[in-house]
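The structures come next, written out as structure tokens.
Here subunit A shows up in two complexes: once beside subunit B, once beside subunit C.
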Partner chain A sequence: MKQLLCFGAFALWVAMIAATPLLADNYTIRIAISVSMFSVMAVSWNFIGGFTGYPSFSTAAFFGIGCYAGAIAQRNGVPLVLAWMFATILVAVFAALLGAIILRLKGHYFAIGSIAIVELTRLITSSWGSLTGGGDGLNVPLLQGNPQEVAGLVLYVMLGILVLAFVTSVYVDRSRLGFGLKCISQNEDAANMVGVNTTAFKIVAYTLSAVFCGAVGAVYASWVGYIDPTDSFSILLTLKVPVMVLLGGAGTLLGPILGTGVFILLEEIFWANFLEWNRAILGGIIVFLIFFLPNGLLKIQYLQLYAAVSRKLSIGSSKSGAGS
Partner chain B sequence: MTEILRLENVGKQFGGIHAVNNVSFSLEEGEIIGLIGPNGAGKTTLVNLITGVHPLSSGKVIFAGEDVSRQQAFQAARRGLARTFQIVQPFPKMTVLENVAAGAMFGGGSTSVQEAMVLAREELEFVGLAHVADTAASSLALPNRKRLELAKSLAMRPKVLLLDEVNAGLNATEIDGALDLIRKIAARGVTILIIEHLMKVVLSISQRILVLHHGELIAQGDPRTVIEDPQVVEAYLGSKFAARVKAESHHA
Partner chain C sequence: MDILQILLNGIVLGSLYACIAIGFSLVWGVLNIINMLHGSFIILGGYLTFFAWQYSGMNPVVILPIIAIILFGLGYGLQYFFINKVVMAPVLTTLTLTFGLDMILYNLMTVLFTATPRRVTLDLGTLSVGDLYLPIDRLLGMGLALLLTAILFLVMRASKIGRAIVAVRMDRQAATLMGIRVNHVYAITFGIGALMAGAAGAIFSMVFPITTNLTGTFLGKAFVICVIGGLGSVPGALIGGIALGMIESIAGYTIGPQNATTVGFVLMLILLVVRPTGIAGVKGYE
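Right, the complex of A and B next:
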């Protein structure tokens, strides 16, 4: 029953996003693309940060490598879809190899190590001018069609990847793999002692957290037509994605998607109304999360909250009634 | 009787200290063996060496005829070498049932989560925790947490079970309950090595006793002989205790 509700909500959300090219203007379609793209990264992050409990900040490294791998492949004559697939596979291999090293670290050390990867990959990309164009960036072959058609295509590809990522997370959640990851997140030593091959499980989770980011990175590069190291390996992006998941509810299936939606909605409202304050919002949300919503929007006991609030209100009104 | 576990000159150094030094012994299938020794003697370290938590500095561990000296902890669990922790280690946010199912799933080789749940329920019945199956593991009181550790280990279908102070922190009645349970486990054919500070408990349950002191095995053999060994009296029991036990056993 609960699961049916979960799938229903997801299907409805995807349908709403998919309908934007038919109903809305270009600006809204851009937001829809952004929502789909960040949802993919949030669902991905949930594998390592949510299920496994490892606070990874490597998302931008995976995204950036995806951007560049797709772009470079295309510039060398690889057809579009194959270039996207090449980028996806490359990022998966990169994450698996990197995971074998970096997942020896735990807690804060892992967090710092994973964010260092973003800086490192950005620096390598900037310095390897012959391949990547260095700081000048790279032009990516444009997609065929008028802007409207291109935006529609990009949106549907992003949505397709989102569906794939979500289905994977549902499968993992129910499987032996997901069970093992949850054991690791709660007590890694005990997980080892009951027979979970923790090293292998963590590497799989880390790779899952990367593979779909690589895919959306490559598609993003094709969409925008120009990439540079600061935009592709963005620290802001690497911070935003975990915040989105925590906002919605880490370790849940819908949390990452809900969190992404709410975050981008807030961002839009603040962009429109307080342009200069945009960056401050991210900080504000982080602080709010830490203090008030440690388990995210999905885990709030809404019924209890409602009961508590209405109790407060009725006490308040009866008091004021007695006072008058 | 067939041998199930053998240690050959096992040693472990942490920095300069020899936590375990040149220890050799073997366990026969189905026996209950007690491991005693003062605090810091190296008992927990020995369990960690047998179960692959720490790599050995020297020596060999042979399990069911196979050299497992270089195994990792998860491999030990899958082979049938289970242990409980001196400080209990539940998965706090999972239910009691899920905790035990984790043992069945990964150590016991269940092929599906459903199958693991069914097995887990049987083990909960066995240790007497069926009534709290669906509560969070973190909400259990100490005696039940210890039972949960046992159920989790049993769900792994162990051949050898290493119990690190499962009775510590329990009162007399609770200990009696725990001992009954341990005997029931032994009756299933599981070989048990039990680390225990209370001599009464060790003597009542063990068929054989090992004594560890400063990382070295200073005595092993049947309980009565071991507690009269002058070295053991000197190192661990104290002469008064030895006299008292001797007197009691003469009455008996």
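Right, the complex of A and C next:
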């Protein structure tokens, strides 16, 4: 029943996003694209950060490599869809190899290592001018068609990747793999003792957390038509994605999607109204989240909360009644 | 360029780096927190020094202790009122929280000060011995950085609060039982971290132009130095800092300055995997 509710909510949400090109203006479509894109990254991060409990901050590295791989392939004459697939596969291979190395680390060292990966990929992209255009960035061949059609196409591709990522996460959640990952999250040594192949499981989770990010990165590059190292490998992006998942509820299926939706909505409101202060406000949201919503929106006991609030209110009103 | 000159530049840069990383290493080692605010603390210290120097005309060496004390207060307050509440939480929580606080501080600085590069110009001339050249402001910066490092070493070794910090690092519960107020010690430790960052920023503003865009760069340096030198010890950070200074100086000369930072990060990743306790460090926290 609960599972059905979860799938229903997801299907409704996807349908709503998919309907935007038919109903809304370009601005809304742009938001819809960005919601789908970040949802993909949040669902991906959930594999390693939510299920496995490893504080990975390397999302931006996968996204950035996806951007650049797709762009460079297209500039060398590879057809669009093949270029996107090439980028996805490259990122998956990169993540698997990298994971074999840095997943030996735990806790703080893993966090630092994974942030360093983002810095390192950015620095290498900046200095490898002959391939990547260096700090000047890279122009990506534009998609065919008028802006409306392009936005629609990008939106449906992103949504397609989102559905794929979500189905994968449902599958992982129910499978032996997901069970093993949750064991690792609770106690890695114990999981190892009872026969979970922790190394292999972690590498699979890390690769899953990368592969969809690579795909959306390549699509994003085709959509915006211009990429540069600071934008593609942004530290802000790498921290925003975990925050979105935490906001919704880490380790749950629907949490990343809910969190992303709420976060992007808040972000749009603050961008529109407080341009100069948007970064501070986002910081404020993070601080609020850590203190007041440590388990995310999905894990709040709404009924208890409602009961507590209504009790408080009735006490308040009876007190004021006695006072008057 | 002469090899001696390269090494000399490396040592000067390295002592500044050590000063950057000591506070970060202390906070990580004692509180078990990766302090994403550290880069912004450094820039804040640098900017405050610049403005104090510009408006009052005092010598920045005199301003430095005042700035350091202001930063100590800021750090103490942040730890006491915010970070202490989640200090035992997993790294994801604490790192995200300090990053959120960093976004607020960064935004405040860009709005109040703008991101224009600024520098305290002292015009002290250049010292030359034989073929070696060394601007005196850099020499002064190096001297100040080493002095601060020595003072912190003495404080940790000889003072009551220093011993309390070490005790909390060794065993939090036993320290509580011995009557140490752990929350207070945590706040003081974080305050000292901010103080060292502010002082490092003040020194940097006398040597290089600083701007808010550098927060990430400084934070990255602190990561690398901590991993090279190991956590939570003053000598470790000093060794790590000077090692990184040398490595960057040599790498900048041999394979170009644009790749110097990359070499530092690659070295750090290798060290993380093969020897996560650092070259000089004791076994750290997980």
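The rule is simple: the second predicted complex is superposed on the first by the 324 of 324 C-alpha atoms of A that agree within 3 Å, B and C clash if a C-alpha of one lies under 4 Å from a C-alpha of the other, contacts with A are read in each partner's own complex, and residues count from 1 in each chain.
What we mean here is this: a residue touches a chain if its C-beta (ideal position, glycine included) is under 8 Å from a C-beta of that chain, and two chains touch if they have at least 3 such contacts.
None of the values given here were measured: they were computed from a predicted structure.
> Counting residues of subunit A in contact, which comes out ahead: subunit B or subunit C?
Counting contacted residues of subunit A, the larger count belongs to C.
> For A:Y109 in the superposed arrangement: first (subunit B), second (subunit C), both or neither?
second
> For A:M85, select first, second, both or neither according to whether it touches subunit B, subunit C, the two together, or no partner.
neither
> For A:V262, select first, second, both or neither according to whether it touches subunit B, subunit C, the two together, or no partner.
Touch partners of A:V262: none, neither subunit B nor subunit C.
> Who does A:V224 touch here: subunit B (first), subunit C (second), both, or neither?
Neither partner.
> Kindly classify A:D189 by the partners it touches after superposition: subunit B alone (first), subunit C alone (second), both, or neither?
Touch status of A:D189: first partner only.
> If you stack the two complexes on chain A, which partner ends up touching A:L293: first (subunit B), second (subunit C), both, or neither?
The answer is neither, since A:L293 touches no partner chain.
> Check the residue A:R176 against both partner chains and state whether it touches subunit B (first), subunit C (second), both, or neither.
The answer is first: A:R176 touches subunit B but not subunit C.
> Between subunit B and subunit C, whom does A:T198 touch in the aligned arrangement: first, second, both, or neither?
First partner only.
> Can you list the residues of subunit A that touch subunit B in one structure and subunit C in the other?
None.
> Going by the contact rule at the top, pick out the subunit A residues touching subunit C in the complex.
49, 53, 55, 57, 101-102, 104-109, 111-113, 115-117, 119-120, 123-124, 126-127, 235, 239, 242-243, 246, 276-280, 282-287, 289-291, 294
> Where on subunit C is subunit A touching in the complex?
For subunit C paired with subunit A, touching residues are 28, 32, 34, 82, 85-86, 89-93, 95-97, 99-104, 106-108, 110-111, 216, 220, 223-224, 227, 258-259, 261-262, 265-266, 268-269, 272-273, 276, 285-286.
> Mind pulling up the subunit B residues that touch subunit A in the complex?
51, 53, 72-74, 77-78, 82-83, 85, 89-94, 101-103, 105-108, 112-113, 152, 156
> Using the touch rule from the top, collect the residues of subunit A that touch subunit B in their complex.
Contacts found on subunit A: 174-176, 179-180, 182-183, 186-187, 189-198.
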